[in-house]
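We call the chains A, B and C, going by the order they appear; numbering starts again at 1 in every chain.
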Amino acid sequence: MNIIRFEFLKLLKKSRGWLGPILVFTLIMIAYPLTVELTDIELGQSFFSILWIAALLVMMLATEDIFLEDFNDGSLEQYAISQNNLSFVIGSKIFIYWLVIGLPISALGSIFCFGIINQHNFSFQIFPVLLISTYIFLNVFSFGNALSLTKGSILGILVTLPMLLPLLIILGKVVIAINFDLNYSGFLFLLLGILSIIIVIIPMITSYIIRAHLE
Amino acid sequence: MFQVNRAYPYIFYLSLAIYLFSLFWGLFLTPEDFVQGNSYRIIYLHVPASFISQSLYLAMAIASAVYLIWKVKLSVYLVRSIAPIGAMTTFIALISGSIWGIPTWGTWWVWDARIVSTLILFIMYLGLISLHDSFNNYEKADKFLSILVLVGSVNIPIIKMSVEWWSTLHQPASITLSEKPAIDLVMLYPLFGSIIGFTGLIACLVILSSKLQIIKREKNKSWVKDYV
Amino acid sequence: MFDIKFNSLSEALLMQSQNGQNHGIYVWSVVLIVTLCISISFVFYKYKIKEISKKIK
């Protein structure tokens, strides 16, 4: 519990770390209607693809230095040799990031969805999907960033982005499912299943990688 | 290594002969497909390449699991040496597939699951190579490479099943282990031949490439100096 | 089963199908690409091995 509180305070103090991604997301969402002619039908057509890609990009930005500062000031090494379970520390770190960045972005995303599509059932149904998918994105990108910890984040993104593309296919199917009102909960459970696997495995692998970095 | 060296020419010439013979059979002796016309003959080059591109990834995943569990150094050399060859075969599969698409589908590229996931596989092979090359410390690079290969292997079943899960333009697999093939036997025999021959050729390439890796990584050992 | 489906070399190069299209250019370009890829990588690896052996000597 102590670790979670500590990480939370540390992230809050670094305002560019959490405010930056949220603002970038808002800006992308504002920029989107400017690029299309302002008729409602055309706006709705590609809104969701912009939404998923914006969420993906913003999570990429958010995890950019998730481990780097802790690695440089030695606190990761402290965690690794102390009594605490390193994978639990990493899992709680990702959880805090999701709470501070992923949650507001999901709320903003569904608000923008209401603003553009103008149907409230759409934005209610898109909110849980956004919550789950941002958590998955955060987990996978933090794994990639751990891989290329000292080599800049571009390499980590390059190697982990291909793994997320199948997820984007599923997200595209979710929108179709909402649109035609079929099998929405099935997709939600599929996403939850993916999340429940990732939430356990990624912190374990990441802690292994970070131990290898510290050697 | 010395036994492999002795066996290498036999494997090479045998598989080359099988490959050329079944290509000749497929390109000249099989009848024309009723629906697709003569362009279907590309499958004798396309199917082996796409089959190999996925099997090579599977082989990499097994080898990296062996490295992570038993710390066998040779297996991670194998992983590193397979990666560029896998990229090459995936490239062949993509190019031949899109050339086949021009007369058959009327377009050279479709955004469907099978094709996109093969492209993802290609990008992943390139990413693996660049990850391994970006670390100066071999031990670290080996560890990260094998972890990434294992994590990335979730994509393989997705590629495999994409034809069945999503309704796509790509036709479902004509040959499966469990069912009767959906392709006529006259066309099937040369296809099997070309798969076997191509596998043999790629195995020769893997042998060469891992020989290069071994020499490169063990260049300070005395037995390498004796060998070269 | 084992009779050649084309009468002459030019017919095999063109590969005209029943619907009147010539598919030869597609088939033969794929053959060319595959041959080039495989032979280039064989030559590349042989050359690399030779080079590194020279360096070690």
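In the analysis below, a contact is a pair of C-beta atoms (placed from the backbone, for glycine too) under 8 Å apart; a residue touches a chain by one contact, two chains touch by 3 or more.
Not measured: the values here are computed from a predicted model.
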Which chain is the middle one, judged by CA centres? B
Counting only C-alpha atoms to place each centre, which chain is farthest from subunit B? A
Distance between chain centroids, defined by C-alpha means - subunit A, subunit C (Å): 46
Separation of mean Cα positions, subunit B and subunit A [Å, integer]: 33
Rounded Å distance between subunit B and subunit C, as computed from the means of their C-alpha atoms: 17
For subunit C, write out the residues touching at least two other chains, lowest number first. none
Can you tell me which residues of subunit A touch two or more of the remaining chains? none
Touch list for subunit B against partner subunit C, complex: 23, 27-32, 34, 37-39, 41-42, 45-46, 49, 84-85, 88, 91-92, 95-96, 99-100, 102-103, 186, 201, 204-205, 208-209, 211-212, 215-216, 219, 224-225, 228
Subunit A contacts subunit B in the complex at 143, 147-148, 151, 155, 158-159, 162-163, 165-166, 169, 205, 208-209, 212-213, 215
Mind pulling up the subunit C residues that touch subunit B in the complex? 1-6, 12, 15-19, 21, 23-24, 26-27, 29-31, 33-34, 37-38, 41-42, 45-46, 48-49, 52-53, 56-57
Residues of subunit B touching subunit A in their complex? 113, 116-117, 120-121, 123-124, 127-128, 130-131, 134-135, 140, 143-144, 147-148, 151-152, 154-155, 158, 166
